[in-house]
Structure formats: structure tokens, C-alpha cells
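Shared between the two complexes below is subunit A, which has subunit B as its partner in the first and subunit C in the second.
Here is the complex of A and B:
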């Protein structure tokens, strides 16, 4: 069956790519001459993006003290790094939002991803081992490789899901059996193709085997733990049905104690619904 | 929302989390109710402790913190959503045991997470 996997990695160009506006924002942010004013001007050329971005900026994700209705003000408050992450998340979710996924709903997929981002951010804040902004984006992007599996191979993926439901194994292992590579490899390949910073590619690639790769950053360990928590709480789903195995080294790397879990769980539950609506609803 | 769906034993399409809790959206809250759980800000810091009385001021504050829903208990009933029927409790435990069956249950973090999921499924504060 391994030829299917080769096929999937070769067929990634059948999926939508990030829109030009994302790349223009990114270039401007990386340009020493660039400014948040010019980034705001680029965003405002796209009314749909402008509306969506303001909605997300005003969601529970950022907890701003007052409602912001001006792009530049929003970007100034959240800062340049978060501006990049916000535009990436907003454009990425928008291009995939209306595609049929087959066995899981797109909303459910993004709800899982957003919950994982939010949990990762709280873990980073409480544990103090990584930047909360980076942890959030790593969590949000970790299962991206599931999208091509659902979209390009819905029947084979349904069979893999059924085997997982029947508890024949963890879904990423079954993907290896059915496709020859897992969503982790595929997601990392997509992110590298889009020139997303390496730390996020690594988190997507290794979130199921955080300890094997000794060189990976804290973001990978945090993503591993956040994914496990969100799967246990069953907030949305990207297909995984059963709680995965916790990697003990990853758990130590995030700097949390078991007694700090309620803070992560409560915050994730309290904010995910609002943030998911902000990203997805018309 | 999927979170409020009843327990699902078979469906492939949507998750049906094993929770039963007296969660309420901020716009549906009224003064005189009491918080059933601590409230955290988006950074995980405690903002309000469990048991605090809901006031108009607190509702405003929750909105400004971007918090859309919280667990509440009513003043009249200590723990309205709590499941105590031994048969129902055993059923929820069995579902959770299955949920965690491929995980490493002997790890202290997984044990703590299991207990949190159980408390939520039982509607306990």
C-alpha cells in the first residue's frame, strides 16, 4: 500500500494553497523597512479577511479589554509575531473551511486544532518552557496533515478510522499501515512547502513521538501533551478517538505538574467554542 | 455544539464527549447564581474562585475577559447536575475506561486527566 503514500505526498498540489495576501503580509513583516501600518493596509485590501481577522482578534483568544474595530489597532495590541500567526491561521482556516472532509466535519477538525492551540498556549504560560505564541501556533497546526488524507483519500481514511474505532491501534500507526506515511509526515511536508518556520514543522512531524527525537524543541513536547488532553476531553476531533500514550519525557519537558491540569482544562473548555465560532462562522 | 451531545457509542462522524455539566453561556447568567468552578483568564491565572456569587459586574467582567461560558450552580441546589446513581456512574466509568484503554493509565498525569474527565462526566465541581 505504500504507493498510496507516495501518491498523497505528490498530490498535495491538488489542495488549496495559502493565498497571496498571506505571503505579502509575511514578506512585509520580514522586511526591516516594513511596518504594521503597511501590514494593516495589505490586510484591508481584502474585506473578507479584514472582517474575519477583527472577529478573531476580538474573540476569547486574545481577551482584549475593549472591542477593537480597526485592523492597525488590533495588530498593534497583539504585536508583530502574533500578527503573523493570526494572518496565517485566518487565511489557512478560510481556504479549507468549505471543503468536505468525509468522515469528520471541518468544524470538528478545526475545533480540535484550535482547542489544542489554546491548551498548548496555557501549558507554555504555566510551564514556562516555550513562548506561548509559538506553542499556540504549533498546537493549531499539528494535525494539518490529516486534511489531505480526508480530502484526497476519503474511503481509505474511513477504513483506517474504522480500524481505529475497533481499537486495532492508534490512528497515526494505522495511517502508516494504510498509507505508508502518517498525517505527521504529510503535515510537516505541507508546512515546509509553505516555508513555515521549522519549529512548527517539527512539532507537526514529531508530536506523536516526542521523546525519540531528542533535538526537538519544547513546542513539540507541549503539542504532544496538549493533543493528548484535548483528545481526552473530546473537544472536536481530527479522527483520533482514544486517548494516546503519554510520552514521559515530553511530560517532563513541558514543566507542568499534574495539579496544574485543571487550569489547562478549564481555560481550554471556556474559550474554545468562542474562538472556533470566530474563525468559522459566517 | 458537539460538547453537549449525548453519549455516543458508535458514530463515526462527530465526537460526543462524556461530559455532563451545568455550564452556562455568559449571556444566560443571572445575578444570584454561583460559580461552580474557578475561572481562569486566557493565560491560566485564576480570576474568580468557585462559589463566588454572580453579579452584573462579574458578568461584565467575564465579557471583557473574553470568557463565553462558565460552570454555575444555582443558589437553591448545591450540585444539580451531579450523577450519583451507581449504575450510571459505572456506565460512565466503563466508557472512560474504553476511552483511555490504549493510553498508559499507570502514569500520574494520565491518572489525573482520567479523574478530571470523570468529574466532568459526573457533573461534579
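Here is the complex of A and C:
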């Protein structure tokens, strides 16, 4: 890893960190004594988080039968694992939402990430190779490493994007040239730093090279395919203008058939707008 | 080829792994249609050969997932040059294979008949397709795989034809593409053709040039259908000259590039396409001027969508930009116009003129606004809207003129100074009142330039009059809110006066309370600095506008000018009298001299004089006059009537 990349890793603490409320929720969920009641109580100490979380819970993401206006009810319906993911996604997007980036707006970035999460969830549900919950979070987090590149090295990243714009190669390859490391590695390092379960770190790390990694997990393969779908649909963007090349091995690993793609695409499009506005609108 | 076998035989599982293995030819058929549909949308949006071949390749990969691909274009010397190869790793192999195919005549057959399918070995098939339109032959496409099913071959043929039609669009008359040799260039990790920009792009932002933008509008206007119109948006970054001035041009360029990329990616979004019901190739986003962008939309179904797009773009810019570790907030003014609704904009120029009018309207209503052009503006709005460019012209051609209105000591009616007023006439001689052009100049930032011109001009005049030996009276210049919030106001005044060698006490500065309120801290600093440098600073229009007694208490001012509002109703209106008396009393107590403005009758003059007002100006005492008239009425006459005793 080159100096630039090393320096970015050292400077990660300059970025906003996950708020205390997330850590408390997580500790409570991991605590055998903990309960969803106490998780709900922690969340309700933060009115902004409560409101946002209820909006997301009631969005097309979970497809709840009736509108839920009570945190505990919402958590009980979606379950403990999803509670963790929901609180992580909500707090993460909230702390990063209003930061200015350069050539890509934060709004486009999260639109892309959320759409990728949704596509991954649909693929997992249809293909049956991974838990939709896990696939969703893996998709949502896959490009997280772009944020430190944009925020900490704006000029270098603008130069990389410019090279990409001038069609000199895929953006993640150009990142390797400019930084000596790509958003995939940096994102994985960030997630490991935050002690996010390894499966999500791996998905972020390998979503561009599913083929090279022999032991790639289903989540990684799903993230790879979801990223491709969302990029070709152009729902938001994390900077890239080219659709990544489909990796055959990843395609086989997700368990989809070509005929199922239109339905996956349709569901992704139909769901994304609603979920994005639940996460992003003030 | 005759269908001797039932179709499914063409698709044995062994040769088409992946998604096609479970398929029947029925699936392949519908898949092929999907692929072609996608290609029809994506190919016309391509701006370069690389993009075009990338699209061609990615579309074909859905049909023949495991095939290797190569595209060759005819060069001016009639040789064929490999310009694209996927995956890149097999470039040498593909090069060798095309050599072999040329040797064995398959290549020639493809050029002649349009297609050549060859099974070189049991495990290798080559499909050669001519890339050509009825008008000319561009090159040859090659797909190699274990086998390429008949249906896929037909679909690839259609795909290649589509690509050729797009090449026609690139071509513009030339017979062949001059493509740098593939091996000349350092590979940057992708199948790339460097320097292959076929549609002129702006070097800095990578967006299309204005010329292409206009061509796009032209085509879109020609092809519009009864139910649709063509939309044009002009986007201007508010106050961008300040970014350049404060951050330097390099940073300014960087910001411009970021804005361009961000807007471009915000536009190429599914959300936009879905809202408008259009495809990517219906949009053309370009750099239309120094800090101005243009967006053209073909097949626009409802002009109301234009405002939705404008809001979408405002949102994407609103979160700001990161520059040198600091947040930079920019806003856009957007002018919208569409070719429908009787606006009769059937040429790109007319459409852009309307969008430009709307842009100016948006600018007039403040920053971060958009406006949709309506035809009835033309009658009522034009002179006003054209003011901005008029101002620029007036500055360049010295079409502004100064007028002077004298003010007097009320006790002895001695001339003690004059207020400098700015006048502007249109080319045909129609005067434009300052109330029309000053707001425009303030909103565009031209006011600073105009203010500087005025100061220079006044200095010039003072010098001329001094040379003639006239009385050394001070001249009062109005300084706008914009100028009062500039940190270099004092330095600017000092510099101009120094250049003209005019003592500072000859210039009075008049400011309004509203101008102070705009940026109070900077205004206070400026007033302090101006006073320290020896300029007198007067509060103009006292009692109206954003009024508070704070300015009297906290600011180191020289005096106040009582607004005409309180003078015009004097005698008869007890409220006006009460206010005038109170202001005069208060000023006396604070030891501020007062100039009463707008004295129009002898009765008003007598009243003010009786109440102890020291100074006054108004039509009754002396109207604003041109330089020559002022000189003959007030200086020359003073010479004649009352020669100085010295």
C-alpha cells in the first residue's frame, strides 16, 4: 500500500464517526440480557433518529402491512438482525448526509448505495443464496470507501474522476493508480475499524474482483451483481460512469436466471425512490 | 442457413453456459429484442468511439457471454486497425486471429457479403460482421466463441448495423476514422482508445461544446412530434467571478469541473429519465459559456417537468463543495424555455434567447432561483431585462453620465457641496432611471465596477474645476450595499484619489442604513476605515428603509441626510413636522449636521431654517444638472455675482 493510501487510513478519524446511540444499540443487541424493549428505549432518546427510523421502517424497504408509529412495534416486526442494520444505515446516512463532496453529490452517492442495497436484497430473495437482510447491508455499504477519498483527498479524487471522465479506465482501477489503493480496500478497512461483521467487510473489499477471490461469499457476489445492475440503471452514482464488467463466477454464485432479471430490475426501481426519500429528505 | 434441426439444437448446454443454458430460442429471441432495444437507446448517446464500442461490446455480451470481441476500423490507407478488444488480455490473440482471417479470405468475404461465420476448429467459431451503412463501410466486428448460435448471429448483425448508423452520425463526411494505432498508447488498464473524442468536448469539463449543443437542439427541433416540444435550460453559477477572484483561477477551474461532473451525473439518472419519460440520448448537457451550462431536452412532454429538473439540480448543488478543506456553497440561476406554447421558438437561437431571458429573470429575483420563459415577457419585460448587457456596454463605451445636485447652507444660501448622480441613456436617447438599472447592477455585481467609474469620473471633474479656480466644495458619492460589504472599499477609494491627486476631504460618501444592515460588521469596519482615511461618511435617506438609531449611536458617521419623505409633507401634516423636528433636535444633541433632502417649496425651506436645519438640497434650491450646466449655473455664476474677496 502506498503512502497516500496509508495516510488516508491514518486520517479516517477525521471523518464523522458513528454516533454513541448506534454503539449503545449494538451493545444491547449483543448483550444476552438485552431486549428489543431496551433497544427501543435507547433509540427513543434521540427524537431525530426515531422519526427517521420510523420513516425508513414504513418505507417500501420492509413492505410492512400497516403503518407503524411505534419504535418497539417496528423493531419487533423486523427482528433483531434487521434492527441492527436499520440503526446502522440510519445513523450512518445521517452523519454523512450533509457533508459536501466534490464532483459527486452526497445525495447521488447515497442514492446509489441505497439502490444497490435494495437490488442486493431482491437478488438474495430471488436467488436464495444469501439472507436478504445481509445482502441488503452488504450492498448499502459496498462503496463506503469512496467517502474518505472524496472528503480527505478531494483534489486527487477529482483528478481520478477526470481521468475516468476522459475514459482512461474504470474508476476503481484509476483509484489504484492515483492512491495505490481503491475504495474497496479503504471501505473494508473502515468497516473493520467499526467492528462491522466480517461478511460485510469482505463484500466491500471484493465487490470488484469477485473472480480473483476463490472463496468469495454469496454476499460479495450479490453485491457485485447488484452494483452492476444499479450502475447500468443509473440510479444515483458513487462516481463511476461505466458499468462494471459482469464476472461470470459471481453471476453463477448469485443463483439468478436471466429471465428473472427484469423482475429484479423492476422491483429495484419501484422501491428505490421511496426508500431514498425516507433516508434523505429532511 | 437452413433450419434443418429444431431450434433448441442450436443451444446445447455445453456451448452456452450461464444464463442461456436453461433458455430456449424463445428466451434468446426475447433477450435479443431487449438487447437491441437497449442498444437503440444507448448508442445514440455515445460521444466517442470508445463509448460506442463499449456499448456494442456490453450489449453483445448478453447474447454471447463467453465470446471474445474485437472491432477493426478502416484507416485512411485502407488498412484495418484493431481499435477495441475485450477482454483486453486477449489482444495479441485477437490480433493474430484477425491476421489469419484476413489471410484466409474470410475477412474479404465479410466485407463483401456483410457476414462471415467460420468454424475454424471444433471448439472455435468466428463471426465476422461488416460495420457498414448503405453509404459506407466503416470496419469489421469479430466475435469468437466455442460456437455462436444462429439467432445470436442475427441479433449481433442487427446490433452492428445500429452501431454503424451511430458512426454515420460521428463521421460528418470523412471516409474513414483516423485512429491512433492501438499499440502506440500506454494501456491504462481498460480497453481504451485515447484521444478518440468524436464529438467536440470541452477540455476543462469534458462536456459537449456549445456547437454540438446547438446542433443537438437543431436536430431535436426538427424531429419533434405534435405531442412533444424541446426544452432548453441555461444554468449560471451565481457570483462565480468571486470564486475565481478569491480562490484563484486554478481553484476556480477545479470548482467548475466539480460542478460540471456533479450536474452531469445528477442528470444522467434514472429518476430524471423516468420523470421525463425520455431516454439518455434525449439529453444533451454542455458547457455553454465561461461559467454557464446548457441542457437540451428532446421529446419533452410537459414543460412543467423543466421546473422539476431545475429543482433537482438546485438540490444537488445545495449541499456545497469541498475546496481546500473548506466548504464552499454555490448556487445556480436557471433559465428555462420550451419550444411549445406559442413561444414560436423553432430555431435553436430563438429557444436559447428565450432561455437567456428567463435566466436573467431568475437572476433578478435573487440567487438560487429558476424561471420559466413566458412569451408575454417580451413586451413588458425586455428593456429591463436587457439592462445587464446594456450596463456592460455603457461601461465600455462611456455612456454613463454624471449629474450634480447642489446643496446649500440654509442660513446664507451659500453653495457647500453637491451630490453626484448617475445617469444612463439608451442608444436611442431614452433615459433609464437609476431605480431600474441600479438593482440590476447590484444583482450582477457590476455595481462595484460602476462605482469605481463614478469615483474616477468625479476625481477627473474635481481636477478640471480646480484648474479653473472654482470653489473647493466636496462632492458626495453614493456607495451601494454591495460595495459597502467589500473589504477593499477604502483602499479602492484611496487608490483612485491618490492617482488623481485629490485630497480625501473633497469626497463625501453617502450610504443607506439598509446597506449597513446587509453586512453590518464589514460596513462598520469600512466606515471606520473611510473616516480614518479622511473621508466624510453621511447616512443617506435617513428615517426610511432599514432604519434604526443604532447607526447613529454606534457608527462613526459625519452627518445625516433627512429623507424627502419627511420634507415633502411639511407644513400641514403634524406627523411629518413632528418627525422632522425630532430628527433635527436629536441630531443637534448628537452634534451631527443634517442635510434636508427634497426641499421643493419656499415654505418648506422657511420651516427647516426656523427649526435650525443647517443644510438642504432640493428642486427649490437647485435641480440636478449636467456637468456643463452645473458649472455655468453654480460656479461661473458665483464668479460673476459674488467674486471671492481674495
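Throughout what follows, the second predicted complex is superposed on the first by the 280 of 282 C-alpha atoms of A that agree within 3 Å, B and C clash if a C-alpha of one lies under 4 Å from a C-alpha of the other, contacts with A are read in each partner's own complex, and residues count from 1 in each chain.
Definition applied: a residue touches a chain if its C-beta (ideal position, glycine included) is under 8 Å from a C-beta of that chain, and two chains touch if they have at least 3 such contacts.
The shown structure was predicted, so the numbers you read here are calculated from the model rather than taken from an experiment.
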Task = Based on the superposed arrangement around subunit A, label subunit B with subunit C as either clash or fit.
result = clash
Ask   = Is A:35 touching the first partner subunit B, the second partner subunit C, both, or neither of them?
value = neither
Query = So, A:151: does it touch subunit B (first), subunit C (second), both, or neither?
reply = second
Query = Between subunit B (first) and subunit C (second), which does A:45 come into contact with in this model arrangement: first, second, both, or neither?
reply = neither
Query = Which of the two partners, first being subunit B and second being subunit C, lies in contact with A:63: first, second, both, or neither?
reply = first
Ask   = Once the shared chain is lined up, is A:81 touching subunit B (first), subunit C (second), both, or neither of them?
value = neither
Query = After lining up the shared chain so the two structures overlap, which partner does A:233 touch, if you call subunit B first and subunit C second: first, second, both or neither?
reply = both
Inquiry  = Applying the document's definition of touch, where does A:108 land relative to subunit B and subunit C: first, second, both, or neither?
reply    = both
Message = Output check: A:249 vs subunit B and subunit C. Expected answer is one of first, second, both, neither. What do you get?
response = neither
Task = Could you list which residues of subunit A make contact with subunit B in one structure and with subunit C in the other?
result = 103-105, 108, 111, 158, 161-162, 165, 167, 169-170, 233-237, 241-243, 245-246, 248, 251, 258-259, 269, 273
Key: Residue numbers on subunit A that touch subunit C, as the complex places them   = 98-108, 111, 150-151, 154-155, 158, 161-163, 165-170, 173-174, 177, 233-237, 239, 241-243, 245-246, 248, 251-252, 256-259, 269, 273
Query = For subunit C, which residues are in contact with subunit A within the complex?
reply = 17-20, 22-23, 27, 31, 48, 50-51, 54, 58, 61-62, 65-66, 87, 188-190, 192-194, 196, 206, 254, 257-258, 260-262, 265-266, 268-271, 273-274, 280, 315-317, 319-323, 327-329
Ask   = Tell me, which parts of subunit A touch subunit B in their complex?
value = 59-66, 103-105, 108, 111, 118, 121-122, 125-126, 132, 158, 161-162, 165, 167, 169-170, 228-229, 232-237, 241-246, 248, 251, 258-259, 261-267, 269-271, 273-274
Message = Can you tell me which positions in subunit B touch subunit A when the two form their complex?
response = 1-3, 12-19, 23, 37-44, 46, 64-70, 98-104, 107-114, 116-117, 120
